Each structure stands twice: as C-alpha cells, then as structure tokens.
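The following pair of complexes shares a single chain, chain A, combined with chain B in the former and chain C in the latter.
Coming up: the complex of A and B.
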C-alpha cells in the first residue's frame, strides 16, 4: 500500500536570538528536527509521541506548510511539500496545539462558515458540513453564541470541529485533548476513532502515552528532533520484551537516583514527580535479580520508600528505556 | 467577516467619523488666532494656496488623511491582530491564495474608509459651515478612487514590515506624522524646500490629496491639468501594488523558512 504521508530526512534548523545584554544578542542555531523519516498509511491512526519540546509540533507545522523545512522532503496525499502547497492544505484538516485559531467575536457557526468559505466550499454543502459537525460534537447548545463566551474546553471542541470543515482525507491533531477535562477528552477520542473508522487517516500527537495506546495503530516516538522508535503499538512495547519495569514510589533524593542508575543490571531509570509524590521507573533485563541491590542503593542514599512494584510495560516505559528520561520532562531548547 | 466583527464594536466607527473634524479644528482655530480673525486668515491663506477657503482646505486634508491612514495601516494592523489572536496560522492553513485574502482585507478597509469619509466630510462641513457640494465632485471622486490603488501597495509594504518586526503601534505612531507631513495635511507642499517637495511627490497620497483639493477648491494641479496629475497617480497604481506584493511574499517566505507566521 502506498503511504498517504511520506517524510524523508526532514530537517528544521531555527535561528534563535539569545540576549546577552541590553543591546547585544547572538544568533543560535536550534536543531528542531534532525532528519525525520517515516511513512503513514491510509486509514491508520498514527501517533507522534514525545515530551514537550521533542519536535512534534515543528514536524506538524512543516507538514501543514506553515513552516518550510531546512532540508528534506515530504509528500501528503501525493502532493509534494513546497511545490503543491495549496493542494496539501486542501488535503488536510488540522488542529494545532492550544488552537486559538477562532474568531472570538463570531459565533461558533459563523466561525465554521467562515473557515469553510476559506476552503472554497460552496454555501449549501458548507452549511450541511457545519450542521454535521455541530451534531457530531454536540455543539448545538453553544454554537450560536459568540466564542468569547465559551469555556476553554468548548473552544477546543469548536477548534476540533473547524479541522473537520473541509472533510479532508488526512486529519492532523496536535495535542487535541490538552485542555479538556477527562469526559470531554474521552468524547473527543471517540469521535476521532469514529472518523478513522470512516476511512480518515489521523496523525495524532500527544505526550500522554496512555492516550496513544488507546487510539493509535502505529506510532513514532520523537525525542530532541529525532525518531527514536517507530512501529505498531504492540511492536513498540515488545521492544522491551526481554526487559522488565519496576516502579518505586516515595521520597527519592538525587543521590539515590544516581546510585540506582549506576547499578549493574539497570538498563535505564527515570525520576519524575506526580501529584507531589516521586516515582522512579527502572527498566532492567532481570528486575528480580537486582531487587536487593536496588533497595540497598535507595536506602543507603536516604530514600523513603512507599511502594515497589513490577508493572506492565507501557509506551512511556519504552520512551524511558530509549532516552533515560520521562515524558514529563520539557526538552525544549531554551 | 470583518464587517460582522466590526459590527460588534459599534464605538469604533463613530470615533473614525469624529476624528477628522477634531484634526481640522486645531489648525483652523490656531490659524484664526494668529491671522487675526477669519477674514485676515483667509487672505493670508490665499497667498500660499490659491484659495481663501482654508476651512474646506483643512477639512479635505484631514478627511483624506483618515482615508490614507485607515487604508495604509489596514493590512499591517490586520496581520498583527491575527497574529496576536492566533488566527493567522489558521488562515495560512487554508488553500486560499494570500493575494485574495489581502485584497479582501484591503477592499473592506477601502470601502469602510470611503463611507466614513463621506459621513465625516458632511459632518465637518456642517460644523464649520462649509458647502460640501462645490467644485468638480466627480473628478474629486476619481482622484480618491484612483489614489486608493497605490495605497493598497503601500499597505502591503507596511504589512510586510509588520510581519518581520512584529510591532505595529510604534511604527504607526512614527509614520502617522511623516505621512501627514508629506501629504500636506495642514499646508500646501509648495512651502517645502525643493528637495523635500521631491520626496513628497514620490508619495502617492500627496497627489491624491492635492487632486481632491484642486477638483473641489481650485487650488491648482501639480502639472497644470487634472489629467496629467491623474496619469501620475495611474503610474503609481501599477508600480506600488506590484512592488508591495513582491516584497510581502518575499518576507513571508523568509518567515516560513524561519520560525513561522504564528510567532509573535
């Protein structure tokens, strides 16, 4: 099967100004994408996974023609980036991260109508498509109010609806559930799933691996502008098949974390804070064998342990195993 | 779409209509104070401009300044506003040519400022007791309409600058005064030294302003006959939009190569 999205050696280097005084600054090159190569096939939900600052949004912006890559090439729906910009734009429906792309002084319906007109959809089918979106996303109660009166979740929902207005074969969603509460996020994922069932290809970026596990057929883990893992979700998990994951919760000082990382038999370890508590994730070929040394290393370095447990391999563990960092870490180049 | 948005800020149009009267009031009152009464001021004014009707002269200048100002900054302000509200990227995602969007924005601005011009001119005429229906109105209208085409080009140039420097207000503050000075808002450019007169005549609104004044008040065309002056504006109509669009697309492309249009 021919891929609907082909990306070859896509590289993006930004120039960013670093202020070093009141009047002086120096230009710094930031490698946002380092030779990304991947294929996305028609009808799949493809996850772009990685922490904030990994390069997901830059990749999306390149694919949607908002940014020109420094090097490399990409094709969407048979059209080549930089050569067939308008044909690519017509082939995709896009929702950017934290999408603010709505006119607050217009109603939801007027926004849908306006953006439909920009896609050169004639008035009658435009109205029909808008009505379909309003029904699909349960926007009926709010759609005739100006957007300024919406809650942030309602705005996100309408922004998602806007991405559907041109009924494009490819849907690109950049962290669409970011500001949604749990029920709304679940509802949106259901709609994405239904749209995929109807044949749309979906590119879905997220830093929540549980979301990717629920929704995606395949995925690419991106870290610091590079693809570090690529495959179906079971394939990605299976890459840790011969390794086990142990989670430790409690108070874990930096010295204890360093001691754990230095242990023989630990493939990788990452420390994160969650709801005020610390969580240490350890990936090791044989977790049972290292358990005594692990407990010693932690206790000798002042850790207070609340729980130690072996866990199922998740996509986040795959990321930790590849990078030694958790997804909560912000890797944006400052 | 912009009309709908503007209709939800009803105060904005009222301010646009009232401003020209206030702009004209200051030099009119100052002129009367210095000239020693309305008759004396009119006589002095005729020596420099060829008309005694300094009230209408300033009223036309201030109203044309509002057209020039409203049209010239329209694209730049629009770009900046869309950048700040986050809708610029959404527009760039759509397969609509940039030229059509910019033309739409400019046409909207032009129509709006033209309507405002007519209402504001009528209001000012009422306040200062000037007959608004004097001279060759059709010819004045021709100067107005033809003069708006090069304004579109200047608006694109300014939009390109805003896209690059991402700052609208400071640039406008500075340019407002330069524009009003060069186009002869309060005085005829004949009072300029020759080099400054040449600079002013490279600026299309100067021709537009003088053309309207000459048609309505008979102050004299730069090249003696109305058709020569209109022809010069016609040349500007070709050069300015072309150069403006060329520069705009070049800067836009450069920004896409860099951090993107949504960065602000």
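Coming up: the complex of A and C.
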C-alpha cells in the first residue's frame, strides 16, 4: 500500500540566540529534528509520541507547511512539501494551537463558516458541513455565542471542529485533549475513532501514552528530535517482551536511584514524581532475580518503600527502556 | 505510481489562472466580510471614530482660520483660500495614510497574539488577499468619513476649492495603492521585529506628517527637509492631490510640474505594492524558517 504521508530524512535546525551580556549574544544551532523518516498509511491512526520538547510539534508544523525544514522531504496525499504547499493545505485538516487560532469576536458558527470559505467551499456545502460538525461535537447550545464567552474546553472542541470543516482525508491533531477534562477528552477520542472508522487517516500527537494505547494503530516514539521506536502499538510493547517492568512507590532519594541504576541486571530505570509521590520504574530482563538486590539498594540508601509491584508493559515503559527517562521530563533542547 | 508522479499529474489538472483569480476573489470578499463582522462587535469604536473625525476637522478648521489673513468672519462666508485647501486635502490623505500604512502590520501582530495567523496559514487562502482585506473595510469607512468631512466643512464654513475631481480621484487611487504597498512592507517589518513595530510606526507617522507636508505647504519646510521631501514619492502624491483639487493656484504644485508628479504618483501606485508584497513574502519565509510565525 502506498503511504499517504511519507517523511524522508526531515531535519530542522533552529538558530537561537543566547544572551551572554547586556548587549552581546551568541548564536547557537538547535537540532529540533534529526533526520526523521517514517511512513503513515491510509486509514490508520498514527501516534507521534514523546515528552514535551521531543520534536513532535516541530514535525507537525513542518508537515503542515508552517515551518520550512532545513533538509529532507515529505509527501502528503501525493503532494510534495514546499512544492505543492497549497495543495497540501487543502488536503489536510489541522488542530495545532489548542484553543488559540479562533476569532474570539466571532461566534462558533461564524468561525466555522469563515474557515470553510478559506478552503473555497461554496456557501451551501459549507453550511451543511458546519451543521454536521456542530451536531457531531454537541456544540448546538453555544455555537451562536461569540467564542470569547466559551470555556477553554468548549474552545478546544470548536478548534477541533474547525479542523473538520474541509472534510479532509488526513487529520493532523496536535495534543487535542491537552486542556480537556476527562469526560470531554474521552468524548473527543470517540469522535476521532469514529472519523477514522469512516476512512480518515489521523496523525495524533500526545505525551500521554495511555491515550495513544487507546487510540492509535501505530506510532513513533520521538525523543530529542529522533525516532527511537516505530511500529504498531503491540509491536512497540512486544519489544520489551523479554524484559519485565517493576514499579516502586515511596520516598526515593537520588542516591538510592543511582544505586538501582548501577545494579547488574537493570536495563534502565527512571524516577518521576506524581501527585507528591515518587515512582521508580525499573526495566530488567529478569525482575524476580534482581528483587533482593533492588530492595537492599533502596533501603541502604535511605528509601522509604510503600509498594513494589511487577506491572504490565506500557508504552511509557517502552519509552523509559529506550531513553532512561520518563515522559514527564521536558526534553526540549536548550 | 510514485508520489511524485501523482503530484505531477495533479498539478496538470490545476485550475486556470482566471478560475483561480475568481476563487481568490471570493475568499477576499469573505475575509472583508469577517472584518466587517468583527468591526460591528466593537460598536463604541465605530461611533467614536466617527465623532472623533469631526472634532479633528474642527481643530484643523480653526487652525486654518487662524492663518487666514482675511480673518474668521470672511472665512465663514467663503473658504476659498489656499490654506484651507492645503490643510483639508492634506488631512484627507493623512486619514487614508493612517489606515493603510500601519493597519496591516498591526493586524498581523494582533493575529500573532490571538494565534489566528497560523490558522490562516494552514489554509490555501491567498496571502495577498489576506493582507489587502485587513484594511479594505477601514479604507471604505475612511472614504465615507472623508466625504462626510468635506460636506461638514462646506456646510459649516463655506466652499472649499474643489476642481479637477476626476484627476483628483485617479491620483487618490494610485496614492492609496502605493500606501498599500508601504503597508505590506510595514507588515513584513512587523513579522521581523514584532512588538518594536509599534514604536517605529509612532516615529514614522510623525516623520511622514512633516516630510510629506500633510498639513502645510512644502515651502514652509526648511531647505534640508524640502530636499528630503523630494526623495519621498508620497510627498509628490500629497502635492499633486491637493494642487489638483485646488485647481493649481499660483505656486502649486510645489515640488515639480504636475505632469512629472502624475508620473511619479502612478509609478508609486504600481511599483510600491509589488515591492511591498515581495518584502512581505521574504519576511514570511524568514518567519517560517525561524519558527517565529506564531511567536508572540
């Protein structure tokens, strides 16, 4: 099958200025994307996964023509990036800036109508498509109010609706559930799933691996501008099949963490804090065999243990195994 | 078939330039309509801009009377003096200049803040239409205000010199076109320097008012400034416009013969939008390289 999106060696280097005094500054090259190569096939939900600053949004902005790549090539719907920019824009629906990107002084319906017009859709089909979106996203009660009166969740929904106005075969959604509450996020994922069932290809970026596991057929884990894992979700998880994951909760000092990482038989370990509690994730080929040394290493270095448990492999564990870091870390290249 | 072959095949089926122009014109109309809707959502701005203009006219009218040698009494009967024409027609061009020169840039900046600039760039809509649409409603509004202003002055103080209306209108069209061009260039500058564009505009606004002699005849300027004025095409537009409407009284036009000024104004009106849009495209490319399109 011919990919609907092809990305070849896509590289983006930014030049950033580092202030080194009141008037002086130094130019520094920042490698935001380092030769990304991947294919996305028609009809799949493809997850771009990774922590904040991994390069997901930079990749999306390159593919949607907002950014010019430094090197490399990409094709979307058969159109070549940089050469057929308007054709690419016309054939994708994008939600990129969360609840920004809407005219707050226009009503929801006026926003949909205006953006529909920019895609050269005649008034009658434009209205029909807007009505369809309003019904699909349950926007009926608010759509004739100006956007400035919306809650942030309502704005997100409308921004998502805007991405559907040109009824494009490819949907590109950058962290679409970012500021949504849990029920709204679930509702939006259901709509994405339904749209995919109707045949649309969806590129979905997220830093929440549970969301990707629920929604995506395939995914690419991105870290510091590089693809570190690529495949179907079961394939990504299976890459750790011969390894096990142990989670430790409690108070874990840095010395204890370092001691665990130094243990023979530990493939990788990552420490994160969540809701005031610390969680240590250890990936090891044989977790049972290292359990005694693990407990010793923790206790000898002042750790207070609340729970130790073997767990099922998640996508986040795959990321930890590949990078030695959790998704909570901001990996933006500084 | 490879992706490249598909793309080549699709580009062969691209719409003709005429169809494309028609589609982009429809988009332009929609953009203008959106601007109009947004304007109506600020009714206070709408009313105050209307009222404010009449107060400004009164201010300039009183200033005109002050400089009128025959005094205010005679002025109120028949305002045929050069002073009145110079100030009033300069004021009309100043109103158009205020709208066109800076508004496009300010609007671009505002959309950067809102995040809507990236939204526009995600669509296949023409960037040129997008730039022009930002001031179209305001220019129409200013046109109506200018007519109202002239009528107001005539009712209140008597007749203004008002001749060669056709040529005056033509000069206004080319001047506006040139001003749009400067507006595109300023929008390009705004994309590059962002917030600092506002302070630059403040400085330039006063510089243009002086160098282009908007409210006084050019002979009032010192020699150095007169030499600078001769280097700025907008000065010739101001001089030609008001001299034409005043019926070329002795000493007018001041900077060159009317034939020469017409050539300069036409060239300004044709070349400046091309140069301005070219600069905007360069700035836009730079913003897409540096990722500053959405920076705010």
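Keep this in mind: the second predicted complex is superposed on the first by the 332 of 334 C-alpha atoms of A that agree within 3 Å, B and C clash if a C-alpha of one lies under 4 Å from a C-alpha of the other, contacts with A are read in each partner's own complex, and residues count from 1 in each chain.
Keep this in mind: a contact is a pair of C-beta atoms (placed from the backbone, for glycine too) under 8 Å apart; a residue touches a chain by one contact, two chains touch by 3 or more.
Model, not experiment: these values are computed from the prediction.
Once both complexes are superposed on chain A, the partners chain B and chain C clash.
By the touch criterion defined above, A:87 reaches both chain B and chain C.
In the superposition on chain A, contact is made by A:78 with chain C only, not with chain B.
When the two structures are aligned on the shared chain, A:136 is found in touch with neither chain B nor chain C. After overlaying the two complexes on the shared chain, residue contacts for A:14 are found with chain B and with chain C alike. Within the superposed three-chain model, A:308 lies out of touch with both chain B and chain C [touch as defined at top]. Common to the chain B-facing and chain C-facing surfaces of chain A are residues 14-15, 61, 64-68, 86-87, 89-90, 94, 96, 100-106, 110, 114-115, 118-120, 146, 162. In the complex of the two chains, the chain A residues touching chain C come out as 2, 6, 14-15, 58, 61, 64-68, 75, 78-80, 83-84, 86-87, 89-90, 94, 96-97, 100-106, 110, 114-115, 117-120, 146, 162. For chain A in complex with chain B, the touching residues are 14-16, 61, 64-68, 70, 85-87, 89-90, 92, 94, 96, 99-106, 110, 114-115, 118-120, 146, 162. Touching chain A in their complex are the following residues of chain B: 1, 4-5, 8-9, 85-87, 89-97, 253, 256-262. The touching residues of chain C, counted against chain A in their complex, run 1, 3-4, 6-7, 10-11, 23, 26-27, 30-31, 34, 37-38, 41-42, 114-116, 118-125, 285, 288-291, 293-294.
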